[in-house]
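Note that the chains are named A, B, C and D in the order they appear, and that numbering of residues resets to 1 at the start of each chain.
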Amino acid sequence: MPLKPDLPQPEAEQQRVGYAIVGLGQLTVEELVPAVRTSEHAHVVAFVTSETEKGLALARAVGLGENDVYTYDDFEKIAERGDVDAVYIVLPNALHREYVERAAKIGKHVLCEKPLGMNADDARAMVQACGNAGVLLMTAYRCQYTPEHWAARDAVQNVKLGKVKLLDSVHVQVEDHPEAWRLKKELAGGGPLVDVGIYCLNTMRFVLGQEPEWVFAALHQPEGDPRFEEVEESLSFMLGFPGGVMANGLTSYGARTTSTLRVLGEKGSLLMDPAFPYVGVSLSLTDEQGELTPSFPTYDQFSREFDHFAQCIRQGKRPWTPGEEGVQDHVVMDAIYESARTGQVVKLKGGQGKDAFRGTAPEVPGRD
Amino acid sequence: MPLKPDLPQPEAEQQRVGYAIVGLGQLTVEELVPAVRTSEHAHVVAFVTSETEKGLALARAVGLGENDVYTYDDFEKIAERGDVDAVYIVLPNALHREYVERAAKIGKHVLCEKPLGMNADDARAMVQACGNAGVLLMTAYRCQYTPEHWAARDAVQNVKLGKVKLLDSVHVQVEDHPEAWRLKKELAGGGPLVDVGIYCLNTMRFVLGQEPEWVFAALHQPEGDPRFEEVEESLSFMLGFPGGVMANGLTSYGARTTSTLRVLGEKGSLLMDPAFPYVGVSLSLTDEQGELTPSFPTYDQFSREFDHFAQCIRQGKRPWTPGEEGVQDHVVMDAIYESARTGQVVKLKGGQGKDAFRGTAPEVPGRD
Amino acid sequence: MPLKPDLPQPEAEQQRVGYAIVGLGQLTVEELVPAVRTSEHAHVVAFVTSETEKGLALARAVGLGENDVYTYDDFEKIAERGDVDAVYIVLPNALHREYVERAAKIGKHVLCEKPLGMNADDARAMVQACGNAGVLLMTAYRCQYTPEHWAARDAVQNVKLGKVKLLDSVHVQVEDHPEAWRLKKELAGGGPLVDVGIYCLNTMRFVLGQEPEWVFAALHQPEGDPRFEEVEESLSFMLGFPGGVMANGLTSYGARTTSTLRVLGEKGSLLMDPAFPYVGVSLSLTDEQGELTPSFPTYDQFSREFDHFAQCIRQGKRPWTPGEEGVQDHVVMDAIYESARTGQVVKLKGGQGKDAFRGTAPEVPGRD
Amino acid sequence: MPLKPDLPQPEAEQQRVGYAIVGLGQLTVEELVPAVRTSEHAHVVAFVTSETEKGLALARAVGLGENDVYTYDDFEKIAERGDVDAVYIVLPNALHREYVERAAKIGKHVLCEKPLGMNADDARAMVQACGNAGVLLMTAYRCQYTPEHWAARDAVQNVKLGKVKLLDSVHVQVEDHPEAWRLKKELAGGGPLVDVGIYCLNTMRFVLGQEPEWVFAALHQPEGDPRFEEVEESLSFMLGFPGGVMANGLTSYGARTTSTLRVLGEKGSLLMDPAFPYVGVSLSLTDEQGELTPSFPTYDQFSREFDHFAQCIRQGKRPWTPGEEGVQDHVVMDAIYESARTGQVVKLKGGQGKDAFRGTAPEVPGRD
């Protein structure tokens, strides 16, 4: 006597697109594994880690066996696993390129955490490697797959706010551990900009569908703080988009978590606050009638990524956020660091046309 | 190179407390199965359903086999399953008693959806059956296991609001399908009161830790609406608690989803709005200083229940919301229906002491 | 070089409708005098008070002279003042009738604070006296003159929420002074119900445009609290409106200030929270699209009343909230107290047709 | 039978500090005149305008006579008015200096609208003129007189947020009229920066109590829009404060009204949104405990200014926002325009010590 006899039958686990997850940090344990277990089209079938004990425990926790846990040295053995369609790289940034290239070499599609690489050149090499190998590469920009961020983009693209004039975005959090790899330049490639500030940059590019033409930036690296011997603590940047649209961004590892995005248009504005959390993203649209807070269906951000890439693999489509999208953020971030170093405006080439670096739009819950 | 090498190792799936889920309606498919797969101490090992195809699909979707799906007729075969520690009854209310009793008879602990039964006598029989069989019985009151509801209770119990004077709660939603079992009196036992209004009643009792001494109620059953031929559309009730505290409640199957709880004290007030959703429960506390919206860790309501009952089973403890807690809501709801029928105040016996019908307090994320 | 050369010229002070304010309590000093000084069509030209010093100070503060301050004994001398068109009665409830009748006798129109009288009979006599004298009588229900409350009413009347099913309203505040006249039965006529709970009742009647057919109520009067020797501390009431619509209300002098109004309809709901403050009334409308918080022009509630009554006087129109509107609240409140005393439902006659007791709709800022 | 027999007696109108208001634009008519009429220590006794009809109407509306209205040519006749203690200059920016100097010459204290002048040199001359004449000069920065902005400042100064790292502020609105004086460079001195962006700048300086050391800025002046032939439409600026604190600002005449201020600290953050309206300023403070929205007493921003300056005049004290405070904003704004013109960072001298350009702190309602 079921409530809804006509619910779609869930896809059998063994028929789904199989992922090997490479790297068992907090994101993998707390977010990715739960997400993939409740996704529609994906499941996890293997783990790669240097911590064998941890890997075995996690495998047992999800019903996998000891043969499903690989060391980094054994990575290439995954080639033999017919049930592994894709690998998901969740390693420190400095290792992204190596593992993307190794995955490409064994013919596995690759979903790679952001930032894609250490800089634009590094990231371009990854795109090249995947292209040569004929495998798909997707940059894991979770905030380009949620109904809230798409509603923000739609409001801009459909000119609901009138012509957009200005944008403003903040993403800061506290990094307390001086020994964290995120604070080591050769492991992370940069500081808060490449880790959290990238959300401001990436999401502003996403909602506009356009690329910045110039940047200016300044940063602060406090003396005597062991956390910030190699990377900036805080960074402020300004972007010039086509048509005179200007965008401000703030990022830091020294301030309590805040994440916002504001778009100011002639007839209305939109606010996401918080803009970038895993759960509880909020969007409101304000115009002369008042403030509207739209309703959205519930969803899991990481499931959205697992499923989009699974569908791209099955259908042979280019992901919405392919490697090229990851390269472009590096191009801008490289320019931001250059501006902060020189104190000068840095010009950028921009992109050709709307969504110059993106692929097939994802299915978004509740979006027509 | 993990982010946090010291994360607690997840419990191996096969060592967890095993549940058989009885009934594969929407709640099971959309909430319970995802929740149990990401719980700490529980896993699902069997399904019981009359819809074998659906059961097999769901089993495949979570990595179980065809032997893990049972028909209602075969229910007793679960007795042989050593890996089934508990059954979770997710059936129309009229079937709760039968399956609780059958589970008790085969020595399985029972987690049962709310309302526990069809009325107080029905529910008492279930408590009796489990007591006789020496198995634990827990009523699945998810809103007694969240950090938000516990923070509300703590604010009341610790007199942060000053002496409490009044409470107010609303829980309404639209039931559109005339054929839904929830609208059939002999399957549901009542209308919106026993399904959604029970949250108002149960949560007001929970935050106060006390029992009502009298009730008054009125209901509306519109003529000519095929949905409400057997049960009420809307119901309003008033409760008198010890010390002159009065509480108002509204429930309906005819109004768009709203759920709130307000507690008004001498020095401050608290508001939960929404109060009873699966995700996004909100709490704010107001006093002369202003309004505080506390932060809470993320959690899954259904995982909280699975894990609490799992721990009770392992440790032989009485659940926080045992069968007796379910009985008491029926006692009050029986009185509410009597008052609505007679137009008279109905007196109640109340309970002896604080939390008269509750067991061992659960662990609550973020609560000291 | 003005910004807006076409602004309407303000009305000259001496051409406006002149009010004598009777009673110089906190409401007069802090709200009414500032309001009337910034109204469009009204000005204050005289004060009546037993505290001559205070009256003279207030007169000086607004540029009036000592001849503009009258004692209660001298009240009738206002008859000679051609510049006094109306008196505004801001006295303890027990004195409303006397001063309304004295004002009527000297041919002055009367704006009277709520509640209109001590009970329905008392209030009916006031209506009678003004009718006989041919002067207008308006009950000062400020929440029937704001854009927010009218937007709430319009949402109900235009069926934006679908068919309305349930209403819920709270108005509580702390009365700390045992000696306050509001706590003396013979001065106030009742407790929090007649002072703050009346807003719940009056506004629910206003948004529905209908009258309750029955009431049930319970109250609490704590023993040993010197504040509540004569009147209730807290009161809960339930109203039955035509068509099975039910409404709950809570009021108290023992709980920290909270004021809300909620209307629950088939397709959407509205919330005012806070619902009844002088400044900062908030309205939101929720339906399946999300939550809309409309924008409203700024305004002063008391100026709205001064100006509406001034226009009624000039144009010879019946005010939107005439004496009859005040009588009807007393009819319901009398029944509420009777129900609380007897523990029984009390039936009411209701009203004939929509807005049975109201007059000419006011101009509302921002409403078409 | 008053509610509160011990209310402070209001100050008699004729004993208050008398203001002549110079310029009868929208701000004067809609805000200043109502505000001064309900202030504690101030009253308006004269108007200066070129629109005699409008002046007479406004005078009549507040109970003044035709002798209380002066033309600009007759401005110096105010010297003879012993009841005029101060003049309030509410004219286009280009006229501020002339009228401040004329007022100083006739020995009247001067309250002058922001921005103080056309640029730093212009403003310095005004400070000089008032200093020479021995009259007080106050810049009308209303957002340095409210309880909300002081609570924000106190949170920063008392290190409630931990060490401050970053600030962000937005103030934009739509200017629709191509012929508005605010869009004429020789009348306004600049575009949205000097009119609304000045609030971002001024309030960030106020909460920090410090001065920026460098600025970078970019602006957009769209071609073909008749409104922006002389001044910028939008402007983005970045400020560097002592200790590596960075602040971003956005201002525009082309985007729908938004005003915010965000301060990001190590342990918490504060948000004002809206930050700069006349009514309804909102403040919230967030830390690991959650989000606190403090309560504030009601007040009128313009009354706060009238009363502060009145008290300064009576007590011979330097206003909290003297002319020097207005000069300093011009110094920074001059640098912002220079940076936008050159594309280069512009260094500033900063200020000596905390609150380098401020005077006696005002009384703030509800602040200890």
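FYI, a contact is a pair of C-beta atoms (placed from the backbone, for glycine too) under 8 Å apart; a residue touches a chain by one contact, two chains touch by 3 or more.
None of these values were measured; they are calculated from a predicted model.
Asks: Enumerate, in label order, the chains that touch chain C and chain D alike.
Replies: Looking at chain D and chain C together, the chains touching each of them are A, B.
Asks: From the centre of chain B, which other chain's Cα mean sits the farthest off?
Replies: D
Asks: Is the C-beta contact count larger for B-D or for A-D?
Replies: A-D
Asks: Between chain A and chain B, what is the gap in Å from one C-alpha centre to the other?
Replies: So the centroids are 37 Å from each other.
Asks: Approximately how many whole Å separate the CA-defined centres of chain B and chain D?
Replies: 56
Asks: How many Å are there between the centre of chain A and the centre of chain D, using C-alpha atoms for each centre?
Replies: Here the centre of chain D sits 43 Å away from the centre of chain A.
Asks: Residues of chain B touching 2+ other chains?
Replies: In chain B, the residues touching two or more other chains are 288.
Asks: Could you please specify the touching residues of chain B with respect to chain D in the complex?
Replies: 288-295
Asks: Name, in rising order, each residue of chain B that touches chain A in their complex.
Replies: 1-5, 7, 9-14, 23-27, 29, 34, 37-38, 49-51, 53-54, 57-58, 60-63, 91-92, 95, 180-181, 187, 278-280, 298
Asks: Please output the residues of chain D touching chain A within their complex, sorted ascending.
Replies: 161-163, 165-166, 168, 170, 172, 174, 216, 218, 220-222, 233-234, 236, 238, 240, 244-250, 252, 254-256, 258, 260, 262, 264-269, 286-288, 343-345
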